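Order of writing sets the chain letters: A, B, C, D and E. Residues in each chain are counted from 1.
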Amino acid sequence: MTGAIGWAILIPLGGALLAAAAGERASRWIAALAAAATTCAAIGVAASVARHGPSRHPAGGWLAPLGIELRADGLAATMLLTIAAVAGLVAAHALADRSRAAACARSCPLWLFTWAALDALVVSGDIFNLYVTLELATLAAVGLVADGEGPDAPRAALRYLLFALPGSLLYLLGVALIYGEHGALDPATLGAHVGASAPDTAAMALMTAGLCLKAALFPLHAWPVLAYTRASPVAGALLAGLVGKAAFLVLVRLWLEVYPATFTSAAGPVLGTLAAGAILWGSLHALWQPRLRAVIAYSSVAHTGYLFMWFALGTRDALAGALFVVMSHAAASASMFLATGAIARALGHDRVEGLTGLAHRLPIPFFALALAGTSAMAMPPSSGFVGKWLLVRAAFETGHRLWAAVMLIGGLLAAAYVFRLLRRAFLPRPAGEPIAITRSSGGHAALALALVAIALGLAPGLALDLLRGGSAP
Amino acid sequence: MSLLDLASAALLLAGAAFFLAGTVGLLRFPDVYARLHALTKADNLGLGFTVAGLALEVGDVAVALKLGITWALVLVSSSISCQLVARTAMNAGVRPWRRP
Amino acid sequence: MTALDVLLAGALPVLAWRALATDDLHEAVVFFIALGLVAALAWARLDAPDIALVEAAVGAGVTGSLFVTTLRARGLRPPASPAPRRARIALAVLTIASALGIGAALAALPAEPPGLGELVRASLPETGVQHTVTAVLLNVRGYDTLLEMAVLVAAVLAVLARAPSPSARPAARPAAPDDDPARPLIAVLARLLVPGIILVAGYLLWRGAFAPGGAFQAAAVLAGGGILAILAGRRAPDPHARAVRRGLVFGPGAFVLIAAVPLIAGRHVLEYPEGWAKVLIVAVEVALTFSIALTLVLFFPASGEKGT
Amino acid sequence: MTPLLYASSGVAVFAIALYRIFTAGDVLRKIIAANLLGGGVFLILVAIARRPAAGIDPVPHALVLTGIVVSVSATACALALARRLEGTTLDDGDDGDDGSDDTEVAGRGP
Amino acid sequence: MTLDALLPLAVVLTSLLPGIAIFWLAERDTRLRTTLNLSAAIAKLALVVVIGRGVLAGEIFETRLPFVPGADLVLRADSLSLLFVSLSAVLWLVTTVYAVGYLEGSPHRSRFFGFFSISVASTMGVALAGNLLTFFVFYETLTLSTYPLVVHRGTPEAVRAGDLYLRYTLSGGVLLLTGTAILYAAAGSIEFTAGGVLGELAGRRGLLIAAFALLIAGLGVKAALIPLHTWLPVAMVAPAPVSALLHAVAVVKAGAFGITRVIYDVYGIRLADRLGVTSVLAVVAAATILYGSLKALAQDDLKRRLAYSTVSQVSFIVLGVTVVGKLLTIGGIAHLVHQGLMKITLFFCAGNLAEELGIHGVRELRGAGRRMPLTMIAFTLASLGMIGIPPLAGFVTKWYLGAGAVEVGSSWVIAVLIASSLLNAAYLLPIVRDAWFGEPSAPWPARKGRFEVGLWLLLPTIVTAAASVGVGLFAATKLSPLAMAALIAEREIHP
């Protein structure tokens, strides 16, 4: 299955185009088929990496320095599977929802484009190509946000776009400088040549700054929150779960393959400080949000902090931990967004008070929220715990006691804001609250995603072997 | 400096002079209509001379023809856009300048 | 390093500052368009004719008209309160510092870097086209262009994300009353220019294989013609019609198909089969031109759409 | 020497646009700034492409072409959203407004 | 993975899987739920017996699952874990019977029994954990699964009690995680091995002491050492079976068991003693014993009094384990079982009194003996046992603790033992006296069924009372908890 990596990108692209051109009913079928086929392609890639280790696929047949090379290594394989799992289940949720059938002609192509962009980003072996994939993911995400019903959807989408654009263009300027200095765009050549010269340092600083802005790392962290809270649940799930992590994955690629030790040792502590700020700021803000979506949005800001903490630690185990946080938070936040969508549709609003005594009226969305919350607060049996454990242990091993303390306090705050939601389940339901229980409360996809987050925590061995099996070159 | 060069230099100088006139008109004239007048008339003519001068210089008939087409296009579009701007100004109630 | 270069290079930042610093939006848009044209000249001076063409047609033309239409649709809103002074000063200092840093970095760039130019020229025969930029664009880095087409379609879907369905949309014909004296003039302009535009677009597309030109440039010019036609009163393409959506997707769809075929044959993605490169590239270019032109026209809101 | 001239003018345009995109109040000006940001970077890229004596390096040209198309689609998308925007700015009452106010939610979605 | 390797995992799964299954059962099919519950409990008991025979014969059962780079999920049945597993297995069966009777007709029973089984599964996991990380994983799942039981009633004060419970246990969890992470970072994987595994780290005293303090603080929350104990009395608002099994046995013992593991199998008693940390802990334990008994004296609500008594009794185990001495270790570890049996009997009696006669306060007990003779007999036996009257269970362990203290020569331990026994008498005997010899202020309501209280409630009470007496009388036999404790002390102290 050498072509699997090509299919993983072309099927969602082709599916999106077909869905855009097809009628109402046809576009739903095309989208469903494309989602299924892309998942198979992702599994194919993972299988080939697990069996034969990393492999390279030059696009168009042109080898590295000139053409663009697609690489299937451990990191790419696990991320492809994560994207397939989360995007697939979110897609199932979107397609299963009869009431928004008409929207599929518009939203199905967009979330397929997002899927294709993320797949392309994860396997891409060319720093300019990473810029194009980031842009495709951003624009498709903006389209999804703009598709929401609320009065605020255009404003949220525009704000999201106008903060994402400078980020990518800063990154592009970095790419331009590096190309000016070394005349190459593939990480292998760059890794060998990039040193500590003025253009290299400026380029790396710009690329890192741009990616930090796009990943909404603290102190530039508030801009995606409005989009998360105003988007429809499907858009919110994809944005917070996957698109929010794209910039981090790009920076990990650069950090591992392109950046020299001189730069990483200098930039590491800076990113560590910003990450610590994100963890504390995000968790504290999530504590007092009156609305459920805002709590999840700020929790995503805090989780971005956990991800970027790896740059301050740098060890291989810490990377496995950070990637586990990516996987667990992708599944958990997507599940929480979908569950919130189902609850908000039944209650008419998503204020936290509405959760009171809800456990028995809407068992499935609430159970999904509880399981996903367990993963969000990184308590054992969840995959969030595995990620945080690896990061905290690496922090102690590398002597960063302060970062370890921040992560542990962050975990405690996370437990606080998750239980602030869950504790209401046991309070009796106030009489006056009407609940429109629709036939399918739409929580099944949310529950499936939450179970993925928990299952990854119970058997992390598989994912860790795949990560190591084809470890990044 | 063959005869051809002399002719093209002369044409280019004339073109430049008309462009200068157009620009002075743009800066000095009091209201929008006069400025439009200066721009469309003087600059188009200036462009015509410049194109002619260059056509002599370039020596390849195809390129010269392309230059000619460009001049024609500029003539058409500038005259129509000048008319549109004048109409919008009139609708917006801009009174033409009267000598005090 | 002639005086013209100094003039152009100096004009760009000045125009940028004027465009962004004025409080009158009309002035800002006009400066933006002016900057687009000056930039096109700058590209010409930097021996980048392909980019000059695209910049003039798309950068200044289509984008400029989009800005003017959006300005007209939203009308003049009260100027918003700018960010607090302290933050602005801090940001100003930060940007100036980074600009100096980047400038220093640029100065330190080697004068003779090992660019990929020779490699491209060396492998030009295998790419099936003579013009290096088209070779890079559609063959060597064709994968980039494939994703870029997806960006374009995603953008147009985002633009149409909340376009009112046909029933709710006011008549597609422009709202200008019929007795508007400007109508016949634009109609004259359209009648004169549009056929010429189509001709130029076809010419650009055809020469893309061996000289500056190609799909984007042709599509940009074609889109300009389309917008002129809409202004002249012809029906704007209705985004909800099935035919328009098919046209939109036809180009990128063909490209994805051509990219997928080698995969079935067990080769790499987008690897043109031996000898077929030229034919496939021309086919892709033709398909893309039509779709990109349609996309750019769809970006342009039908004049009836008053910021719904 | 010419490439460095245009490159530095590109840096200037980039810096101005970067400053204004965060400080401009009005939405339209932010979009213009976003466009100019791209313009600045492309200027630098093409200036870099022109240096080798052997001939012009076509790869940055292709990158810039791709960049311009991406920037046009982003701008068109931003303008379409701007047309649908009620207020003039993105940030009206934005500070506390990251989902914590009480307006009815867009929760009706799937 | 031979069959033996699967046994420990099977023990955990026999209550985890039914637990998950019960969640999805509808409220009304109680018959299916009860049979599922009871069969799971019996199956687990059978498994424990099989493992018990193996461990006594010196075999080691171990399940090793790949978990995280540098640490696996290990479930190992050695002698110490067998003791705690057998105690929990027996009491889970008894308490399930009691809970079925107690919760007759109350709402959300599927949810209750689901979380009930999962928390027992977590307790099994805590008992069988083979390394510090596995211990932490199950320690935290115990928190997660017991929280819904504390707030089961859904009344505002139940949820408030739940909040307090969470605040303590979650912060404790973070402290434990910090300590674990420090040790794993310093010494690689921390497998529980007799005699401790931190030998090579002996040089880094600061790190070891800090890690020890963090671990004990984390475990101390559940072991209800002062000042981390305040959640326990407040959590008494939970239904009786929860207070009986979880707060008297499972959760509290998990803390004490954890402390035992850390001292014996992570640090090793000698290293811990050299670091001087055990003496500090012993003082805290002693203080908790006295403080718990004194506070119990002041409570007039029966369940809160028993809760404070638990606080003090658990610290007996901690005291026995921290002071170096073979007899003290045997006394401490045996007390884990003895105290469990006695305390659960007392809580069952409290539950019966509340359920049947609506008695909550200690003063309302006057003359209850005549109305509910069997329950009060059980209560009296358990109380006398707690006080330490020979030949009952409490006396045996206190005797060993006293003898150990004399052997080691720490006289203050003896003083603490005597003082606490007197205090026990002070807060338990008045209840017994009132119950038997007091005059009821108003005539007791007539009996509903044939027995003084539902059979489902009475039977478990009698069984546990008999067990607590039996454990004391037959302490010398080979199968008694005391013998098991001696075996453990043998393996732990002189490896």
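Throughout what follows, contacts are C-beta pairs under 8 Å (C-beta built on N, C-alpha and C of every residue); 3 or more make two chains touch, one makes a residue touch a chain.
These numbers come from a predicted model, not from an experiment.
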item: Required minimum of steps from subunit B to subunit D, each step between chains that touch; value: 2
item: Chains contacting each of subunit D and subunit E, listed by label; value: A
item: Most widely separated chain from subunit A, with each centre as the mean of CA atoms; value: B
item: Chain occupying the middle, per Cα centroid; value: A
item: Taking each chain's C-alpha mean as its centre, the one farthest from subunit E; value: B
item: Interface with more contacting C-beta pairs, comparing A-E to B-C; value: A-E
item: Inter-chain centre distance, subunit C versus subunit D - centres from mean C-alpha coordinates, in Å; value: 14
item: Inter-chain centre distance, subunit A versus subunit C - centres from mean C-alpha coordinates, in Å; value: 30
item: Mean-CA-position distance for subunit B and subunit A (Å); value: 57
item: Inter-centroid spacing, subunit E versus subunit C (mean Cα positions, whole Å); value: 73
item: Two or more partner chains touched - positions in subunit A; value: 128, 132, 135, 139, 142-143, 146, 153-154, 157, 173, 177, 180, 183
item: Complete list of chain pairs which touch one another; value: A-C, A-D, A-E, B-C, C-D
item: Contacting residues of subunit C [partner subunit D, same complex]; value: 1, 5-6, 8-10, 12-13, 16-17, 19-21, 25, 28-29, 32, 35, 39, 42-43, 45-48, 50-51, 54-55, 58-59, 62-63, 66-67, 70-71, 73-74, 77-83, 87-88, 91-92, 95-96, 98-99, 102-103, 106-107, 109, 111-113, 115-118, 120-121, 132-133, 135-137, 141, 144-145, 148, 151-152, 154-156, 158-159, 162, 216, 292, 296, 299, 301, 305, 307-308
item: Subunit E residues within the subunit A interface of the complex; value: 65-70, 108, 111, 133, 136-138, 140-141, 143-144, 147-148, 151-152, 154, 156, 158-159, 162-163, 166, 170-171, 173-174, 177-178, 181-182, 184-186
item: Sites on subunit A touched by subunit C in the complex; value: 2-3, 5-7, 9-10, 13-14, 16-18, 20-21, 23, 57-62, 65-68, 70, 106, 109-110, 113, 116-117, 120, 126, 128-129, 132-133, 135-136, 139-140, 142-143, 146-147, 153-154, 157, 173, 177, 180-184, 197-199, 201-203, 205-206
item: Contacting residues of subunit A [partner subunit E, same complex]; value: 317, 320, 357, 359-360, 374, 379-381, 385-386, 389-390, 392-397, 404-405, 408-409, 411-412, 415-416, 419, 423, 426-428, 459-461, 464, 468
item: Touching residues (chain side subunit C, partner subunit B) in the complex; value: 181-182, 185-186, 188-189, 192-193, 196
